[in-house]
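Lettered A, B, C, D, E and F in written order, each chain numbered from 1.
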Amino acid sequence: MIHNVRRLLFAPPYLYPFPTDMPASPLDILALAAHRDDVEQTCGGTLLKMAQLGHRTGILDLTQGEMGTRGNAKDRAREAEDAAKILCTSWRQALDIPDGRVENTWENRLKVVRVLRQQRPRVVILPYWKGRHPDHYTASVLGYEACFLAGLAKLDVGVDLNVAAGDSPAIVIPNVERASPSPRAGRPQDIRQDAGATGLLPHRPFKIIYATLYYDVRPTFVVDITEQFEARFQALMAYKSQFSDQEAGKGIFPARDEIRSRIESMARFYGMLGGITYAEPFIQKEVGLVEDLTLIPVKSI
Amino acid sequence: MIHNVRRLLFAPPYLYPFPTDMPASPLDILALAAHRDDVEQTCGGTLLKMAQLGHRTGILDLTQGEMGTRGNAKDRAREAEDAAKILCTSWRQALDIPDGRVENTWENRLKVVRVLRQQRPRVVILPYWKGRHPDHYTASVLGYEACFLAGLAKLDVGVDLNVAAGDSPAIVIPNVERASPSPRAGRPQDIRQDAGATGLLPHRPFKIIYATLYYDVRPTFVVDITEQFEARFQALMAYKSQFSDQEAGKGIFPARDEIRSRIESMARFYGMLGGITYAEPFIQKEVGLVEDLTLIPVKSI
Amino acid sequence: MIHNVRRLLFAPPYLYPFPTDMPASPLDILALAAHRDDVEQTCGGTLLKMAQLGHRTGILDLTQGEMGTRGNAKDRAREAEDAAKILCTSWRQALDIPDGRVENTWENRLKVVRVLRQQRPRVVILPYWKGRHPDHYTASVLGYEACFLAGLAKLDVGVDLNVAAGDSPAIVIPNVERASPSPRAGRPQDIRQDAGATGLLPHRPFKIIYATLYYDVRPTFVVDITEQFEARFQALMAYKSQFSDQEAGKGIFPARDEIRSRIESMARFYGMLGGITYAEPFIQKEVGLVEDLTLIPVKSI
Amino acid sequence: MIHNVRRLLFAPPYLYPFPTDMPASPLDILALAAHRDDVEQTCGGTLLKMAQLGHRTGILDLTQGEMGTRGNAKDRAREAEDAAKILCTSWRQALDIPDGRVENTWENRLKVVRVLRQQRPRVVILPYWKGRHPDHYTASVLGYEACFLAGLAKLDVGVDLNVAAGDSPAIVIPNVERASPSPRAGRPQDIRQDAGATGLLPHRPFKIIYATLYYDVRPTFVVDITEQFEARFQALMAYKSQFSDQEAGKGIFPARDEIRSRIESMARFYGMLGGITYAEPFIQKEVGLVEDLTLIPVKSI
Amino acid sequence: MIHNVRRLLFAPPYLYPFPTDMPASPLDILALAAHRDDVEQTCGGTLLKMAQLGHRTGILDLTQGEMGTRGNAKDRAREAEDAAKILCTSWRQALDIPDGRVENTWENRLKVVRVLRQQRPRVVILPYWKGRHPDHYTASVLGYEACFLAGLAKLDVGVDLNVAAGDSPAIVIPNVERASPSPRAGRPQDIRQDAGATGLLPHRPFKIIYATLYYDVRPTFVVDITEQFEARFQALMAYKSQFSDQEAGKGIFPARDEIRSRIESMARFYGMLGGITYAEPFIQKEVGLVEDLTLIPVKSI
Amino acid sequence: MIHNVRRLLFAPPYLYPFPTDMPASPLDILALAAHRDDVEQTCGGTLLKMAQLGHRTGILDLTQGEMGTRGNAKDRAREAEDAAKILCTSWRQALDIPDGRVENTWENRLKVVRVLRQQRPRVVILPYWKGRHPDHYTASVLGYEACFLAGLAKLDVGVDLNVAAGDSPAIVIPNVERASPSPRAGRPQDIRQDAGATGLLPHRPFKIIYATLYYDVRPTFVVDITEQFEARFQALMAYKSQFSDQEAGKGIFPARDEIRSRIESMARFYGMLGGITYAEPFIQKEVGLVEDLTLIPVKSI
């Protein structure tokens, strides 16, 4: 106990949760991806775990999934809302960037900048910058550059709070159950609302990490999702238009079993890297910073 | 607070400080290096910081430094003791492996195994496995293989507690001041003594990390030594036979200033990587394991 | 048969199975590893598949496993024989190199050279050259250098056909069932026997590949073991002294289930890389050589 | 023949030449490059070899070469046709993307998508994604993303069969001699024509590989072009406007000799990597998949 | 002079300063960067050193810095002129590309092509192709592709000598003191002026190198700037609107000292890599070419 | 001339040819390799070029080649002498380390240390540290560690000037023609002789580089050997016992032609990397240090 108090008193500045000259942030973590159901596959367990730790989490889907072989954008919007509830996500929205044509243009960057300035996340999860689907790797660069631009004081992106005003309003999930209230719950929400009224204040996330599950690359770190694995699988299964049709065509259980087997094997593989059961993999570009050598996890030998 | 309590109650097994089926470990951290004054240069600040956090730290020098251009083994033994005190190290010893001829033989491995089984460290710091000095990179492989062997239950290495019985007995530094008693202080020391009486029980360190300051390689993480930088420099200066002769020959201040400038620049360079002032760099082979994304340090952007 | 004739008539020279100035080789493939049960874990499915294709396969264990926590060398010898039968291996032997002390000495290299000259494999599977266990990575270098030495015409290693004459004679598995006779069945066995009578003739394997399952590295290629996965798991379970004791201690089903889950996840992970179900990963140092672009497997996109 | 029947009966699913739900593909292999004469330099020998194996091959040049220092687009069109005949190519076309300004725009991607859906190649050869000429590396990304888009069922790119309707109609080379009829010769061509009549059906190539000869990178594999080397050199020499002017200026033989020496040395260098005489180098992103270890070519030692 | 004559007589062809069919180049070295003050931070010492060796150096800033948190474009233009004088730069200009929005468009490439054809540098220094600020890494690709395009004989970019005709005319620094006149001083300036009058002749720089100080990557080589370090720091301090405001806000000396400490540590770190005191790091893509092994600098051991 | 004076007056310390506290060095460059004829293949052209520049060059063969398939140690000694003359080498010697069994033992290291202290080279060329032949890569590590040990002041290796006293005395090539006398010709040879009389003084080479031609790795730099290519090929052909037998067996011209073709293609390949005709490739571990950007060779674009 005393040890922990000392830590709080003497911790170096880089451990403070937020710079003191920034308004409060309504989202602790924002995951950005190209398509609805990408986040569920690459970092859904982590998002749920963070929500269970008391953090406010959000998902920004760049497209509305209209190019998917099965279903349509409307179906996927409803399914995405269901999945968001399972993952205890506080906020979810889809931009109107065309599916199959995510491009790193100035206009698209500004669309993401507006979301970042409104939702003000401390941590942003992006797709990895290599991959099979061009939308995925382009979303990574687009997301990164938007994070950079969002912090430029002289960049004015207007006051409009509605990012995509069409048929995909931001989903606000009302009764998410979390293990404990967010540690930042006491921060004045009105500051942000003022910010909204007078224009979107600059904001730059403290941390950007990359979800690498779609790509065979060695992660910097993994997150233990053993407790969240089942819920995360349910979140993926919420995309019924994707998986039920498929089941209908090929016999319902084998297809679902095959999907589950693959997802489980991936999670186990990364879990084994970390000496645990199920995990999701991430890369960060920065070096790590360790405060106490005896607390570094993962057995060496 | 509640958050922290929850962590202790629910944390997954890999976060427990020690496997419950192992006897208590008298050292939390052991740094191994080829020559006296290597540890002072590569991870002295980190060792001091760990001691200040309440951990018991130790240093194992493989050789006695008899091939150094200046001074002799006796001088260096006295200086090493002085440096160990400055770094608040609880234990230091030099093996009798010939300086300039550190070889990864079975006999040398067993010498290190005996130390590991006696001192039972949770964390071992080794030199990086590449470098300019053959003793350094060979010490890295030798140290790693000894860590592996030390855990083999069927490997019997006898009961002798004195590693190198000659003129370099283990230094026991009596009155090291630490900020707080070790969190493991209450563990029964007699268990280890029994172990000694009945033979050295197997032991495998939980974590092996590599100090990379001697080599230009990107570290996995750095440790903030801003508060420890001055003491670490004093620990290096304790090797008077190395640095005073030099000063005498070339004018005392310039030489000392040049050394200090280089050491400071290295520490600052690695500090900048971590967004802090002074740091020491390390590599770990394992992937990381992150419990809470919002607590990852080092700003991304 | 017709298939093979066509190959001999039209294939370019580098595809000829064997240099014409070498005697026939009784083994098509030899897997070398440090410990009994290593081969079962890293390439057992591949060995079985090759036997089912009609090839003669063999296993050389460098040590007799006397340092294993559970069981003893005698138990393991019997278990290794059982596992070899399950994998349809034609030949298996253990050298007398001490467990935990595999060293790349001249003597050890010669022991392996003798085996290579007797068994004359076309393909040798070695452990990967990095790893957690020093015996594994040392076995890789030792095996490679023995392959090189085995081909030196002027290196005389005597005529003794018994490699380790003690209590581990070569296991000859009598009634292995294979899908078809080896395509090399017609080659004159007596040539080799003459070679044995007059000294061991030089031999250099055509191909050396590295089994990487113990290490997280991207493989050059994988081998589909979907059909062999169950038998390979049974081969591993044949090491009852390793796995039954463990089961006894911790409840029999969970432990076995956990082992199976891990092995299955690894196999699935590498299977997914190749677009199949279960696979084992390998690295080759050489570049590939492709005869027909339309026959390259594994979908790109 | 028997060989092929066995393959179809027993081969695992990933070895089937084509997904059964796709119409027949008129091209087996399509090589895409930025400029006329690029393909001749990087993979001309491989294209010829594939044609000699009975495959239908094609070349898509993105530009018409109007920025080349010597000659003009009209000359180069005629020369490209000559080169295509030498390489026994079944189809060749040049798009109207400006030379020196190959950009990865939506419009350019669609131009390539139309070609892919018309020609429906199983294998696509792209330039490597790094290089000296911006057109080369941009063509690589543009080609990859077009391959991805071409497979999206909901992407409609119209019915127009003429890609670039201007002065560069698709070259149809009438009397190409091939060693044997294409194994797919019996497939109903009318299926494709129907597809053309009702719109271009989605198509995704099974395999994408990258020709790396322009860049000093270690290839994944090489293709033996010893038998094709002379014809490939003639195909390059067909670009008389490029090489004759140069010869005129500097004395005809030295220049031609110098070009030949360089091309021969490159081919030999990659040949030596594969243990053969002349070769062309390629990279694939996927891991390999090996069915029989004893058939892996290229000697290890 | 004598030295130069000898070089022309005996040097191998690749050492010739310029292709003989190109007009004289008024700039020996041009550094291109996204923002005013970038060059000062990454390669200012090198530019000054080159000027002191007698070379004509220039700086092209792509933007006018209007997005900087402090100051405005006009202030920065004046400060950039001051810094250019301190670095003895012969020419400096800022394009009108928007700050924070450097994009690799055709238009932007042509803007840079015009500068390259006017200034005709032998060496171009670009930012490294990875980095934190999107403007930096995009400037790297934009600059590279412009260097390529500038050499295309058939690309006509007009005759206008004024690149950005607005409020940022090219700075011509009148009385730069250099240690000696440029070795190319005798070349006819009028040739270039003629070129201007009749259109901008094609030009391709002989050498492109990348300044890597903003990114933690191992350099190919470093340049010793021990003698230039102070002046380079003064050049950076010439940006008063950047650094004075900051000082005003936080107490003047600590801020300036902190900046100096960081810059000094970086310079020292790279200096240590080269065995010298202060250095700036660079990458070149090409392999090196060494004429005399005994003249290779930097001690190995 | 004037240029050179300026260099000596103003050049930074690291460019001085030799530390002032070291005795004169009789060899400028020493190439070390495992077998006679290795040096001829990997860096023979460079050695000849250095001799033609006026440097004293030497070759140390670790073994006497008794395991070669053809010829014997006596033949190879005579051939090595012939080759050394062709390469204008001043000194050549073979140690008595067994062929096929080059091991990095203390004894072998001391054998090399004695040579280094006698011959005192400024530059040492070692084989690359990876390769096909174990003798090659072991020679690399052995040579590096000997270079390190040779500089340890307290390491006494006796006064014996004859390294291998048996049937392979040092070859002293009397009448080597060099373009000019060595620039170090005026240094007092007697200093070295005194050193010999009183024991071998410590010596550490300034530069260690690695000849990489045997391994497919990208070099740090190449050396232009266009003028030396023919002589280097003759030096290799001096090993008649290697190449004549082969010719006898297979018809004399084709074999020789094939060898020449391979060697020429390798030399051309590396030449093309450097923009020249023939070259040999090398790696250095250190970063480069460039004095004048306008003198960096090898065109970028």
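We take it that contacts are C-beta pairs under 8 Å (C-beta built on N, C-alpha and C of every residue); 3 or more make two chains touch, one makes a residue touch a chain.
All of these numbers come straight from a predicted model, not from anything done at the bench.
Hopping across touching chains, the smallest step count from subunit A to subunit D is 1. Contact with both subunit B and subunit E is made by A, F.
Chain centre most remote from that of subunit B: D (centre = mean of CA atoms). At the interface between subunit B and subunit C, two copies of one sequence, fewer than half of the residue numbers in use are shared by both copies. The copies subunit B and subunit D differ by a rotation of 180 degrees on their C-alpha atoms, rounded to the nearest 5.
Taking each chain's centre as the mean of its C-alpha atoms, the one that lies farthest from the centre of subunit A is F. Per-chain Cα centroids separate subunit A from subunit E by 40 Å.
Centre-to-centre separation of subunit C and subunit E, using mean CA positions: 58 Å.
The set of subunit A residues that touch two or more partner chains comprises 132, 144, 148, 218, 273, 301. According to the touch criterion at the top of this document, the contacting chain pairs are A-B, A-C, A-D, A-E, B-C, B-E, B-F, C-D, C-F, D-E, D-F, E-F. If you check the complex, the residues on subunit F that touch subunit B are 106, 144-145, 148-149, 152-155. Residues of subunit A that touch subunit C in their complex: 132, 216, 218, 261-262, 264-266, 268-269, 272-273, 301.
Contact residues on subunit F toward subunit C in their complex (touch as defined above): 66-69, 100-101, 103, 132-134. Interface of subunit F with subunit E (complex): residues 1-3, 12, 14-15, 17, 28-29, 46, 50, 53, 55, 122-123, 125, 144, 147-148, 151, 204-209, 218-224, 226, 273-276, 279, 281-282, 284-301.
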